[in-house]
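What follows is a pair of complexes built around chain A, which joins chain B in one and chain C in the other.
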Partner chain A sequence: MSGPPIMKWLCLFVLFLCMRCEANKPRRGRGSMWWGIAKAGEPNNLSPLSPSVLYMDPAVHATLRRKQRRLARENPGVLAAISKGASMAVAECQHQFKYRRWNCSTRNFLRGKNLFGKIVDRGCRETAFIYAITSAGVTHAVSRACAEGSIESCTCDYSHVDRSPHRARAAAAANVRVWKWGGCSDNIGFGFKFSREFVDTGERGKTLREKMNLHNNEAGRMHVQTEMRQECKCHGMSGSCTVKTCWMRLPTFRSVGDALKDSFDGASRVMMPNTEVEAPSQRNDAAPHRVPRRDRYRFQLRPHNPDHKTPGVKDLVYLESSPGFCEKNPRLGIPGTHGRACNDTSIGVDGCDLMCCGRGYRTETMFVVERCNCTFHWCCEVKCKLCRTEKVVNTCL
Partner chain B sequence: MAGTIIENLSGRKLTVLVTFLLLCQVICFLIGGLVAPVPANAQNILGTICKDTSIMKNDTTKWYYYRGAGKCEKIDLDSIHHDVSERDIVFAFQMPVPRESQAYDYSRWQQNLIGVLQVDIRYHSQMEMTSRSAITIDARLAYRNKGDPDDAWKLYTQSTETRVLDCDIDIKSENYLYNCSAVPLFELGSLYHDYYLLNLRLPVDTPDMNAHIGHIQDLWVTVINQNGGFTKVWLSLKTVFFPCIIAILVWFWRRIHILERKPVLLEKMLLSLGIALCFLNAPIEYLTLQYDLPFMLLLGDIRQGIFYAMLFSFWLVFAGEHMLIQDTSAQSSLKQYWRHLSAVAMGCISLFIFDMCERGVQLRNPFYSIWVTDLGTNLALTFIILAGISTGVYFLFLCYMVWQVFLNISQRRQSLPSMSSVRRLRYEGIIYRFMFMMLATLLCAALTVIGFILGQVAEGQWKWDEDIELEYTSAFFTGVYGMWNIYIFSLLVLYAPSHKQWPANENTSDTQNLSEEHEFSPLPSERSEISSLTSFIRKTTID
Partner chain C sequence: MDEEDEYNENNMTLLNMITLCGESTLYEGLRFAKDLILANLCLRIIIQYVPMPHNVRHSLSLIIGSFLLYFNIGSNFIWTIGLTIGAYVSIITVSVVTKKWRGFYVSVCVILFLILCEIFVLNPIMWQQIRGIQMVAAMKIISVAIELDRDLFKQMLNPIEFGGYVLCPANCILGPWISFHTYSHYLEVKFLCSRWIVIILKNLVMSMGFLLLSNCFVPGYIDESATKWLVAYRDAQAFRMSHYFVSSMSVVSMISAGFGLTNDCHSELLVTRPMIIELPRSLVQVVIYWNMPMHQWLKTYVFKTCQPYGQFISILTTYAVSSLLHGFNFQFSAVLLSIGTFSYVEYNFRYKVASALEVCCLANPCLKQCEHKYKKNSFLAVFVNTVFSLITAIHLAYLGVMFEASFSVQESGYSYYHITSKWENLNYFSHGLAAFMYVIYLMM
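== the complex of A and B ==
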């Protein structure tokens, strides 16, 4: 008599559990595992000199989605660039957040775990920054590799040829003509497009969190593009400026990081717009069966506070407030600020009051031997003196 | 009495001609804007850092490159071994960069190659670089052609050069880069071969050499080549203009030869202007498709220089011939203009010397630049300033003369009412058409200057419409080029002597005409065949 209801409840409970894990799992968006490549490229894992070896590495293989693997296969040399870009992004993130409670620490890279820890499960500011900087890192590194010629499959022209992998072969022949007729476009074009394809894999833009990721990835790329600086050369009659050719120079990644940090400080909290995603307007009537990929990026997020202006393409967006980073929180993978160094004279976030969250700090005086008065001789010789200096080190309790 | 064609052309015919020429002008502009790509293309190339494994470091048969069989061993400057010295480090630049998994090659349509060096220097608080420090570069350029084996690089040129790095930094913090301005590296006047390879080394032969350049992180070379499409459009324009101008020149000269008198100065000037334009128009760039002609950049400068010199001289003489600074009885000659023309000559000669010092020497050593040494910079600046002063003096002269002509004409206009109606109408027409030509000249000059300024301000593409992409820079070049061709074409047509006899002279029964014929008698030699405007002014001056 009481059997069926119990079974029913049990079923419901199991179903509920399933739904929970279903709901939990894809929350952060699914395209973030490739970050692990930053650690996979480290020398103890394999030599970054040989891209083929990098591809074969099972640790790398496991971090990539199927489409990302395909992209890596189709563009030899790109994996080394991505790896470099990712580690550059991690280093830059750690530099920018050196003096903050959250210091962009990465965990030991293990299969199936996220490089930055569980913090990326939360749609907070820090996560926004991580997405943006890694996307920027890939854009930057791939553009750079194109300039070096270590990725030979960089596209020549974007304005005329619709880049789809199947038509790439036919387009290649046409592109030789393009090159001889009007030259090739800037490398950033390929870096940008490639980053979209590679980094945004799996972010379908359906849920709000995926939209947030897409937006922040795009913001990272935009920052690389807008930080580029123009250089010109006059080469007209007798070298005069009657003919002037200009080109864009790739920024240093440090300046991209600085710009993104500014965006982090001014990031806007968003929510879903009332009207659902506007119907993807068909720009290209010739291919009505396939919604153009570009439309994934055509959405507008609404600020949480209606008084604020809507976030622009270069602004970072987040969904929920950041957790406290003071105490250790294993559930979110937060190590806490115990044992962190702080600055007792500062009143900013790196100051001991804020950094140690009012727990107090320990002051130690120690003698440090460090290099000083260096002279640099090209290429490989740095002559330094060793100086013994007294240093006061404050550590959070 | 016969004059030039412009004086005898009916208003309707003139309108038709001007409309036709304007149409040609618009076509020239549109060809540049719609068909041609940007004039030049720039490609950023990041230097691959290779390890020099050879024992003899001066061996120019050993080349380092990163693509193809026999590629070098790449090293990372950040994690460098202690046994590596500066002699083991080579920055390799393979041009052009591959795209679409294909090894692109240079086409001879791409004409020339200019290299610019950019240095990424990392800031270290421990070792700040001194501003304007010199960098010494051992540069070697090699070439290879299609079908050659991957390692068959042959030496093109080699040189050790010093450049001054002009760097500053906004944020003095670790790992930031100095903001260094680009330094010119090389200029190849011909792009004859398919692939080029640049190997740069930074030698330290003396303790002071390359000592204050800071921590070099990367070297970038930006190579600029003329676009093949632009060359094709440009050459097509030349191929069209060249025979047109030749034909009109022949026609012009035949017309003058039919006359009984000798050609006057203005006609000689017109002829030489036409010849200078033909020299500029001659599509000798076709030869570069077959032969290696590194002097083409220099020759291009010289051709343009000659044309501008002739155009400027022509304007002077044109204004002067309508001003009567000379003795009316004598046949005017160039000697009377020596003061004015010396300004033109001076400017041209100083620019020519400068060009020979820069692009002339580059024929021998493509890495040479006059701007890198202080002496060279001063010398170059001297010549350029001299040319600038000459241009200023020239324009002062020209403006003064044009002002005089207008003064003259307005004076003569006052005496017009006393003339017979037929003659008055004719003279008014002549003055109008002279003004018309002056206006055309001014318009051409103004359009050139405005177009140039707009191009500098707008930078790049202009969009009037979403669908129409107008390549403004190319449109400006083809437009201006076409404009001066059309200008000179119309000068040759309109200032050629006319065969038409003035009907008023023959079938008029006006008695006043007789007396006016009589008035002309002091100038019998110029009665029939000189430009009637000139004779008109001369006559009234004598009055």
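== the complex of A and C ==
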């Protein structure tokens, strides 16, 4: 870990060489390949993820694009945060979709394959959610790591000068007064910007699908940002408010996941905007050939049904209806709901009727050992006993 | 697996709280302290090194104080200036008519002004911001008016002296109240020592510690899902920590102006005693040590003035004045009235218990020799006092839970509904307990 500096430089050099040869190869993978980083640290799960370990991991390298590798190199410590954010996103996705036909299952991580499977090739709701939650995960984890000081390049902004517009917008959306800022809790700004740089690499916003990805990535970030709460407290003689102290608190990732799930349920189907014709003429004056980087996010998607309202920044958008998830479909990488557990008393999507798509289900009684009688010990430990309980398990045929 | 997730989330919010909250809290606390300390150091250094006539010193205090107020509360500082000018004019006017009732008339005017401001003129957010400042100013004005009645001044104060006293940067923002003579004395006195810096730093560190405790640590150390009494205790404790922060910060501002130092450079300033309040012997003690200068003010100017009219009237007036000074709101009246009755019941009940069991367990510790059979170190005395301490802690949690509220409520004032819902949640337990103790007291 704390080897001589020369070792560190050697590593960097080797890394650099690797990058050179990687760069010579033809373009590999899509912009979303970095998701694989969620599983990259898994085999040696026992040791905490250290940046150097992640650097060395060839599996990680395979997943990253050239720009992403540059970002990781320029911001030591950020790779661990991204990895954490990605696995947090996967866990949250699987939690949110635990009782649905599509349960956010992930493939074994193999080089060159997509973590979530071929479903992301379709521009459906599920894909929208995947993009949004992973982008949110990176924003959240990087912001937090920044506040904790584990990313060296992220410094606290004490100047109050750099007030990016998205922050003011988010503050307005969350209906909080823009406070004169001090302190390190403002790191959501870093997380937001970093996530744009890292996650949106390769999404140039040219095709409709890329626009969809950009929009959903942005929606995930916006959810983290608007869920961020400003907390204040008054101090003064006998409870008056002479001195106000405020700080920002990152939302729990669960609440971000809940909010995104709501957006998933109310996602809007979009189509190519007809402003596409006007847009280039506007751009013609400034930059005729290249889309300016900032303009990548300046587009408006049109709802598929003209009666619906246009999607807002926090809404998820999709292009095509979801495939049925009932039967195995290797072409789309859908495993089907065979063998999934279901609830025989529920009439919702987790109920056996809907989950098993009318194929019927098998009921088994089994004994499970699980933790119970958990008590909270001050401070901060939860102790549990192990209990053997009888459980009725229904599985789809 | 799922439980482990929950566990991690819990752990995370704790960490979140410390890293995210602590740093910005400290930053904002220090930013506030910076202005306060700079203004007061400026005052002290000029007084120390530039020889000046009497009136110039007072006007210096007036000017620096006004600037400090302006930097802290913005244009709202005209309300404090207005109060000062209005009060001075009314003291002069009343002096023409009477020499004996000035204190009474001025007090009525000042309190009426505060109430009218609160009800008709100011918006609640602004009022909450300047309430503490107006309160300190009102206390200073009333004390001057009453001391004039008592012939404690050689001649009528001139406007500069009066303005310098009321707007003195050392205590115009967070208090504590000091009398005009003390103020004048500290302004005249010159001293130089290195301990001075040490005292300032010590108090600054202490106040920042209390600020962190109040904002970040105390709200986190008991889980929201704990029993409601533990949660109430936690919330009340967070409020108490905030009070200690304000008190020690006021000491910082006083000391940096060189106020409250003895000739051999020791601090003689005591505003609050956290240990006595956190491990309370009795509610009476908490009332005394909560804000000692304010307690002394109430005793000297309200209680003693009203004493000729009987014990009951003077106690009642004291509570009335102290709740009116806090503004015309139900919350403070309810809390103060409850404290009043609880401590009255406690005082009498403990007196009866002490004489019945012959134990040293009075509300106030015996000074030197107590005449009871069981002295304060005997097992029985320790046991009885511990029980009473526990009851006091419960009372404090019950009373202090009132001040825990969402920021918007804190910022704009508390409503009637807020109070009843908080106390209803605790089933009006303390009121019941006090009533129960009173019944036993009557039967004994």
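Just so it is clear, the second predicted complex is superposed on the first by the 296 of 397 C-alpha atoms of A that agree within 3 Å, B and C clash if a C-alpha of one lies under 4 Å from a C-alpha of the other, contacts with A are read in each partner's own complex, and residues count from 1 in each chain.
In the analysis below, a residue touches a chain if its C-beta (ideal position, glycine included) is under 8 Å from a C-beta of that chain, and two chains touch if they have at least 3 such contacts.
All values derive from a computational prediction rather than experimental measurement.
**Student:** Looking at A:R196 after the superposition, I want to know if it touches chain B, chain C, both of them or none. Which is it: first, second, both, neither?
**Tutor:** A:R196 sits against neither chain B nor chain C.
**Student:** On the A-aligned overlay, A:K314 touches which partner chain: chain B = first, chain C = second, or both, or neither?
**Tutor:** neither
**Student:** Output check: A:C384 vs chain B and chain C. Expected answer is one of first, second, both, neither. What do you get?
**Tutor:** both
**Student:** Report for A:R371: first if it touches chain B alone, second if chain C alone, otherwise both or neither.
**Tutor:** After superposing on A, A:R371 lies in contact with both chain B and chain C.
**Student:** Determine, for the superposed model, which of the two partners chain B and chain C contacts more residues of chain A.
**Tutor:** Between chain B and chain C, the winner on chain A residue contacts is B.
**Student:** Once the shared chain is lined up, is A:V243 touching chain B (first), chain C (second), both, or neither of them?
**Tutor:** Touch partners of A:V243: chain B and chain C.
**Student:** Regarding the shared-chain residue A:E148, is it in contact with chain B (first), chain C (second), both, or neither?
**Tutor:** So A:E148 meets both chain B and chain C here.
**Student:** Overlap of the chain B and chain C footprints on chain A, residue-wise?
**Tutor:** Overlap of chain B and chain C footprints on chain A: residues 95, 144, 147-149, 156, 182-184, 186, 231, 233, 235, 237-239, 241-247, 249-250, 252, 254, 371, 374, 376, 378-380, 382, 384.
**Student:** Which residues of chain C touch chain A once you look at their complex with the stated criterion?
**Tutor:** For chain C paired with chain A, touching residues are 3, 5-7, 9-17, 19-21, 23-29, 31-32, 72-73, 125, 128-133, 135-136, 173-175, 211, 214-215, 221, 223, 225, 239, 242-243, 245-246, 291, 326, 332, 403, 407, 410-411.
**Student:** Going by the contact rule set out above, which residues of chain B touch chain A in the complex?
**Tutor:** 37-48, 66-67, 74, 77, 80, 82, 84-86, 89, 94, 96-104, 107, 109-110, 114, 116, 118, 120, 124, 126-127, 175-177, 182, 184, 187, 202, 204, 210-211, 213-216, 220, 222, 224-225, 227-230, 232, 300-301, 304-305, 351, 354-355, 358-359, 452, 456, 459-460, 477
**Student:** Under the definition above, what is the set of chain A residues touching chain B in their complex?
**Tutor:** Chain A reaches chain B through residues 49, 95, 144, 146-150, 152-156, 168, 171-172, 175-176, 179-184, 186-187, 231, 233, 235, 237-239, 241-247, 249-250, 252, 254-255, 371-380, 382, 384.
**Student:** Spell out the part of chain A that touches chain C in their complex, as residue ranges.
**Tutor:** Counting only chain A, the residues touching chain C are 91, 95, 144, 147-149, 156, 158, 182-186, 231-250, 252-254, 371, 374, 376, 378-380, 382, 384.
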